[in-house]
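I have a structure I would like to understand better, so I am pasting it below and will then ask my questions one at a time.
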Amino acid sequence: MTLDFSFVNPEFLRAWVLHGLWFSLLLTGVAALGGIALGTVLALMRLSGRAWLAQPATAYVNLMRSVPLVMVILWFFLLIPNQLYRTVAGEWGAAHAPEVSAFITFTLFEAAYFAEILRAGIQSVPAAQQQAGYALGMTYGQTMGLVVLPQAFRNMLPVLLTQTIVLFQDTSLVYAIGAYDLLKGFESAGRNFNRPVETYLMAAGLYFVLCFSLSLAVRKLQARVAIIR
Amino acid sequence: MIEIQNVSKWYGSFQVLADCTTTVKKGEVVVVCGPSGSGKSTLIKTVNALEPIQQGDIRIDGQSLTAPGVNLPRLRSRVGMVFQHFELFPHLDVMQNLTLAQMKVLGRGPDEARQRGLSMLDRVGLSVHKDKFPGQLSGGQQQRVAIARALCMDPIVMLFDEPTSALDPEMVGEVLDVMVQLAQEGMTMMCVTHEMGFAKKVSHRVLFMDGGRIVEDCTQDAFFGDPAARSARARDFLSKILDH
Amino acid sequence: MIEIQNVSKWYGSFQVLADCTTTVKKGEVVVVCGPSGSGKSTLIKTVNALEPIQQGDIRIDGQSLTAPGVNLPRLRSRVGMVFQHFELFPHLDVMQNLTLAQMKVLGRGPDEARQRGLSMLDRVGLSVHKDKFPGQLSGGQQQRVAIARALCMDPIVMLFDEPTSALDPEMVGEVLDVMVQLAQEGMTMMCVTHEMGFAKKVSHRVLFMDGGRIVEDCTQDAFFGDPAARSARARDFLSKILDH
Amino acid sequence: MAFEWQELWCKDTVDGTVGACLGQDGGQTYLTWLLSAWGWTAVVSAVGLVVALSLGSLMGVLRTTPSRAAVGLGNVWTELFRNIPLIVQLFLWFFVAPAFVGALKAWPSWLLAGVGLGLFSSARISEQVRAGIQSLPRGQTHAALALGLTRVQAYRHVLLPVAFRVVIPPLTSEGMNLVKNSSVAFAISVLELTQFARQVGEETSQHMEVYAVVTALYFVSAFSVFLLAHFIERRVRVPGVAGGGR
Amino acid sequence: EDTIQKIKSTGVVTMGVRESSGALSYTIGDGRFTGFHVEVCNRVLADLRRELGLAEFAIRYQPVTSQNRIPLVKNGNVDIECGSTTNNLARQKDVAFAITTYVEEVRIAVKANSGITGINQLNGRTVATTTGTTSVQHLRKHERATGVDFKEVFGKDHADSFLLLESGRADAFVMDGSILAGNIARAKNPADFKIVGEVLSVEPIAIMFRKDDPAFKKAVDASIINLIKTGALARMYEKWFLQPIPPTNSRIGLALNDATKAAWANPNDNPMESYVKK
């Protein structure tokens, strides 16, 4: 197999890759933060012991986990008319409908996964810790916010970040609604230069470097914030 | 100070507490003992409403726990509690463990909370460790910090749930010493423990539980001094834990 | 039976065992005690090569553990070991716990293994529980099953690592009873324990460890009868665990 | 509505006549095509599951052994397969790998897709299996070795049976992900559900209808994995252990 | 909804474009799109502004895929789609088309040294085509009609399909002539490939927009007729299909076919079904 990388130069990378890379990173960041926030609420609902809170949360999580993300992205984008984006966010909203839609969909979808991780994290904190919080006179909110969740997050940090790496790779699914992510940059260059093998190899390399550095960073971070036991 | 009146509790169809009644007066030290699973922990947890009860009533300083609209956090902050596994907050250092609830529950300022924390830490002999994390302390030290943490809230009564049973044998002494001192200073205390030496030394009364019931409730003189008057179950239990 | 010769061991740069030497003769019961972290568990685990050593030599029945090509599984099967947290296999019922190693290691048939298992279970008084899972037994019962499991392998020596320290106080007795009986039947035993009553009753020798060293190695008469002749560290330790 | 339904699904895929919904005289309707596409989704997922579970477990186990070489192999494997997007991996297996390993060219694309999908998931499963094993008290290993079991026997009879029970929930999730990820197989010419949706949506111009049905079938497939895992979890639940019936 | 009204009130028109539809509509990176149809649309929109006296409006490019282009036009996300959409009856139920601007011929590309000259020689061979295109249907029909039996492999996009041919996984690539020509032109070695055989089908390609908006359609059609009359459309064809084009500056080299000439000579918006082979 002969490879031809002659089309690759700094200008190529700027024009084809940079924009998508930025969008993928931004989408990952927004969806991770939003998903963790919403996921925490879902996890707390599931653990509340009250059926009217737990059941809707469980149903939501199971539904999201059973449908391919690309379908969720597609449905969400197609079913919401452009007019709504325009009404809510004006011309900017209408112009960035796919991106806005991606931010919302990814957040909603990832929340289901983060909820499961956080549920496990909260359960990994001994129940007596919660009781110790109450015994000191703290309210439910204080106990959760100051005692249980900080521990749950630290215990689950590696899993949360692994899921974030998955999320970063999944941002490529926005191809379904025409948003432009990192992989799209390589793919579309591959098509228009008719060098798909070369661009896929470059994509594999770049993804590997990014994701692997992220997981190394996670390990470092984990050592720093780990609870001394 | 603590009035427990006909308290019953069930987990599903399983009855953990059956019609328990007793009173702990101000300044009194009461030891609770009994076989595993007899409901000791459950009983002591109902006293600050960590476990809800289905029947009966509990009053702390005259205030019923089951009254509608009772401010449970407020009430709990006046009842200190020490757990078997210490339950220090592992992600906070010792000083933060001591000041967190003071600031969030009692609304004390950081300086005041810190000062109170330091003096309590001093009392359990651990001032030098104030900046360490729980994981960096031995079990005995952790339990003493846990006692200090409870004391910071100026409790009117202290509850202990097997405070020494998770400790290495050589560390049991240092924790009991702190508890003895507290008792001698007149703190109202309710302790689940199997340390009969401690019971003999400072307790005023002993409760013996079995199968969710308070089977014996008598002065420590009667409990240790007059075994013949005790129930068969209590005698059997005592012989097991005092023997080997 | 067990010869430990100048054994040293490091975790990284941290020395856990420093030049430990002792011998356990056939039929002898040796108790190992000492403060937490002094290396007791590590020492006992080196005896059946669960922890590798960096210096020195250990021989069981004349066979060196460090000799090249030694069949460790074979050797370990002849050394019974009982752990602090029982370590029964939670997914197997009691009978399966007892027969697994007999069949896989000793190559016994299912019937023979079962029979041997039943008789050992009978010996620790638990035949009726043979079909239960470990999670359905009390701590004391689990530890007795663990002893039975070790005995099924017809060990020539038994190692115990704090077999009662994870137990509720009222269950300590039932486990110690089994151990006393074993000792009286002439089993060679090496026990890490803080149960000084047990030590006084059946041990022939006591080792006291501190900081990875065997600080004291003397007959139990000398250890308990002549405190003045003991090191300051050992006296201090003894006073702590015997006092309260 | 019912008419439109028939109009879409009972149409012959070649001449466009609407007739018997399951096709006649060797003809194919969109319904029979849909069913065969679902079948291919199932095949690819099944191959993927087998590969992912076996290799993932193996790598997870290797990473818990005392051997540095084994741990290293497991680590490299895991990092390699989890840090490159699946679609890129499949592309490389299909177009690039055969240039180096000629035999791959003879593999049918469903097999290549299943194996590629399995390799990708094996990295995640290896993480979970490793975590499961490491969550067991070290005493369990010691107890097994102390009874004279070899290390392999200790894994086989003690560590893995318990570790697998511990990791059933995350494995379930991964199994569901795998089924959903099988949709990427369309990229290397497997006629599965996503391929069907793209092609038939285009042919019939009824994208929404086609996507709705395909989404539902994915849901059913992934949820069956969930139900199956749930069933297994209950079957292997150990009495006396938290969550186990007494 | 009235598109002209919408453009007036928002000052923006959203143009649906394709990422890589041969020379018709594709990206040159940096979020920019170009191609024959994109240029046609730009001219049409400029005419619209002039004719209707609209204020200055912005053009926003919205990349679409073959799966989502019709829903997007229907739900208002896209005002005018300038990709490579075939005008057919099924689609006319959902959307409307402008006058046909280009007529595509489905052809066969093979390796130059393969000796294959027509579809009938493909018996027992492997044929590549792209998922989500009408070519798949043509192949199926052909297979049924002639009894010729070939294996099909599907690329997820044209570049993949071409790679199937290039890497030897397929013996032929059946696709729109302009796509085949474009891929060959950009291949590492264009001389290795050639387009052979009969025209398997012809398809009118047209600009697409919302249904039931006669005013908009009228304006667009008028503009296109004007482009045809003035020869501007032919010049644009020349520019995109016969001259070097970005990003690689290669020349597609596909002469204007007879079907397109006929469509320009007699402007119409007939669907594909009316082009059935005589």
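By written order: A, B, C, D and E. Residues from 1 in each chain.
Everything below uses one rule, namely that a contact is a pair of C-beta atoms (placed from the backbone, for glycine too) under 8 Å apart; a residue touches a chain by one contact, two chains touch by 3 or more.
Listed by chain with UniProt protein names: A = Glutamate/aspartate import permease protein GltK; B, C = Amino acid ABC transporter ATP-binding protein; D = Amino acid ABC transporter permease.
Please read all numbers here as calculations on a predicted model, not as lab measurements.
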Starting at chain C, how many touching-chain steps does it take at least to reach chain E? 2
Looking at the contacts, which chains touch chain A and chain E alike? D
Chain C and chain B - chains in contact with each: none
Furthest chain, CA centroid comparison against chain D: B
Can you tell me which chain lies farthest from chain C, using the average of the Cα atoms as each chain's centre? E
By C-beta contact count, D-E versus A-D, the higher one is A-D
Distance from the mean Cα position of chain E to that of chain D, given in whole angstrom: 37
Just curious, how far off is chain B from chain A if you go by their C-alpha centres, in Å? 45
State, to the nearest whole Å, the distance from the C-alpha centre of chain B to the C-alpha centre of chain D. 52
Cα centre of chain C to Cα centre of chain D, whole Å, reads 47
Find every residue in chain C that makes contact with two or more other chains and list them. none
Each of the following residues of chain E touches two or more other chains, namely 67-68, 71, 160, 163, 167
Residues of chain A that touch two or more other chains sit at 1, 74, 78, 196-197
Per the touch criterion, the pairs are A-B, A-D, A-E, B-C, C-D, D-E
Provide the residue numbers of chain A that touch chain D in the complex, in ascending order. 1, 62-63, 65-71, 74-75, 78, 113, 116, 120, 162, 165, 169, 172, 183, 196-197, 200-201, 203-204, 207-208, 211-212, 215
In the complex, go through chain C and note every residue touching chain B. 35-36, 138, 165, 168-173, 176, 194-195, 197-198, 237, 240-241, 243-244
Could you please specify the touching residues of chain E with respect to chain A in the complex? 10-12, 14, 19-20, 26-31, 60, 62-65, 67-68, 71-72, 75-77, 157-160, 162-163, 167, 183, 186-188, 247-248
Chain E contacts chain D in the complex at 66-68, 70-71, 88, 90-91, 93-94, 131-134, 136-137, 140-141, 144, 153-156, 160, 163-164, 167, 169
Quick check: in the complex, which residue numbers of chain D touch chain E? 13-15, 91, 95, 98-99, 105, 109, 186-189, 191, 195, 197-199, 201-208, 211
